[in-house]
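Quick one: this structure, given as structure tokens, is what I'll be asking you about.
Chain lettering (A, B and C) follows the sequence in which the chains are written, and residue indices restart at 1 in each chain.
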Amino acid sequence: MTVAGLELDLEVFSGPFDLLLTLVLREEVDLMEVELADVVLAYLDFLEQRGELDLEAATEFLVLIAALLELKSRLLLPRDEEDVLDFEPGEAADELLARMLEAKRYRAAAEHLSGRLAGEHGRRFRSARLPGFLRKVDLSESAAVYDPAQLGAAIGALLRVPPPISLAHLTIPRVTVAERLRHLRALLRSGITTFDEAVKGADRVTVCVTLFALLELYKQGEAVWEQEVPFGDITIAPNTPSGHHARMSA
Amino acid sequence: MSELVRTLEALLFLAPEPVGAVELAEACAAEPDEIAEALAELGEVFAPGRRGMELREVAGGWTLSSAPEAEAAARRLLAKPRTPPLTPAQAETLAIVAYLQPVSRPEITRIRGVSADSASGTLLERGLIEEGGRSQFGATLYRTTPLFLKLFGLNSVDDLPDPSAWDPSPEDEADLRERLLKAGEARVATPS
Amino acid sequence: MSELVRTLEALLFLAPEPVGAVELAEACAAEPDEIAEALAELGEVFAPGRRGMELREVAGGWTLSSAPEAEAAARRLLAKPRTPPLTPAQAETLAIVAYLQPVSRPEITRIRGVSADSASGTLLERGLIEEGGRSQFGATLYRTTPLFLKLFGLNSVDDLPDPSAWDPSPEDEADLRERLLKAGEARVATPS
């Protein structure tokens, strides 16, 4: 079985993975409501049942799930810096679809080529040295056929030093996970807080890093978090034995 | 067998690479239409299934190859496999190079979604692709080789089918739509 | 033509050296007398004067060779330097050898940023470059050949064009070799 046929039973969708993908791309299923973690878990279950790792299928799955995660993360991020956001969700879906179609096209072309090669099986070509009477080349009979300028041009191209790569367009991280961990722990010492509170006035990068820090706190068992509705505020509470159950919707 | 046909047979037996009709005409001091006629006659002699050799038009020229029926014996005698089949990763990389050439490694990686370094290395080693210049940023560009055409039985890359032929058909779209409706009904029937 | 005769024809076509009857029998999984009979039939087909090839028994066994009548045409087609257009990799490799000779293979690789094994192999085979001694570290050194001068219409390597016309920074005073090595290393360090 390939990745496409992976059977899913999610809250908002039940059916094969490829159908989910199609519905998401047609915006007939809201990606915001799809728990991608559950898709990954379903795939892991499937791998476990199967008992072996098909590298090609696993690669395909990673590519698809990464594309969905990218799309979803674009939908989830705050939208206050419209000029920096390069894609509308619709555009992102179009891009994803185009990319999948392109990959699919060359996978089909690859199958065609493999078939062609198999069809040529057994047709070998002769590779023998030329007989002696053809190996002697008379230098005086040879005419100039190449232009020396080709060699000069090749040397010129090899002398070209590539321009240094500009890193100007990359955001230099000004905020670290450790810093945001300290910030969150400080907030939690005075009880329940919210994600909005934790990132008040922060820029986009800080929001992301804070989310990482929050994941780390959750993993360490220091905090639990809850989001009542999509886009709603995330409540963060210090973890106590009787505390809330964490619920993540990423 | 006329003298011209015999000469052509000898030339194609000796030549290490496929030879174009123009070069054959020059070597034989014959007219192009005489060569065309002689090649047709030779093609009859070496038609598939008749002999131990076949006349083939590949990589822009004419060449003789062994007949596939002799492959088992050839492998025993020569003790080397013809061309091992391609892995899916190699076939995909080769397909991208064949259709988009000249194409750079980062572009191949972008299309495949995974790195193509090992696959393109193997294809280079096997002589199926080669460097064909550099991009404006100095990245090596790849293209297919005449050996690729020879081994895949192609006269030129233009003989490859239009890749849009493999795009999903309207029927497939309709099929997906139907499956969508069914899945929707199933969900209504079994609320979670 | 029986299947065995066809297989023999294919084997003798492919084999670069004469093949003994015993080896042929093993490869074809046939009895020695069957092979003898098949060889006799093949000898009829390829009797002198009939075809462009002849079946001959020589010291080491059986072999196909071109018919002597085709010799003049074969000379016109094949007894001349092969001069297809140089690929970019070949032109780069040949330019490095021409301007820096003698130069070692590792040096060529460092300047190009990618291996030049396949390109230098082709240039050697076509007789444009040749081995000329060893470096102090034991690497083979390459230099250009008289055929190279002939095919480029040069009297000596001193007549190679001054690269400053194509040089992106001709004011640089450093030695050509040093500059090429530096640029090559910069290319490798820059992911493209």
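We adopt the following convention: a contact is a pair of C-beta atoms (placed from the backbone, for glycine too) under 8 Å apart; a residue touches a chain by one contact, two chains touch by 3 or more.
The shown structure was predicted, so the numbers you read here are calculated from the model rather than taken from an experiment.
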Chain of greatest Cα-centre distance to chain B: A
Per-chain Cα centre nearest the global Cα centre, belonging to chain: B
Chain A-chain C separation of Cα centroids, rounded to whole Å: 44
Separation of chain B from chain C, taking each centre as the mean of its C-alpha atoms, in whole Å: 22
Chain A and chain B, separation of their C-alpha mean positions in angstrom: 32
Residue list for chain B, restricted to those that touch at least two other chains: 13-14, 64, 66-67, 69-70, 74, 134, 137-138
Of all residues in chain A, the ones touching two or more other chains: 124, 126-128, 130-131, 134, 157, 160, 162
Interfacial residue positions of chain B with respect to chain A in the complex: 13-14, 16, 54, 56, 63-71, 74, 82-83, 85-86, 88-89, 91-92, 94-96, 98-99, 111-114, 134, 137-138, 150-154, 160-161, 163-164, 166-168, 176, 179-180, 183, 186-187, 190, 192
List of chain B residues in touch with chain C within their complex: 1, 3, 5-15, 19, 23-24, 26-29, 50-53, 64, 66-67, 69-70, 73-74, 76-78, 104, 106, 124, 127, 130-135, 137-140
Touching residues on chain A, where the partner in the complex is chain C: 124, 126-131, 133-139, 141-162, 164-165
Touch list for chain A against partner chain B, complex: 9, 11, 13-16, 19, 22-23, 28, 56, 59, 63, 99, 101-114, 116-128, 130-131, 134, 157, 160, 162
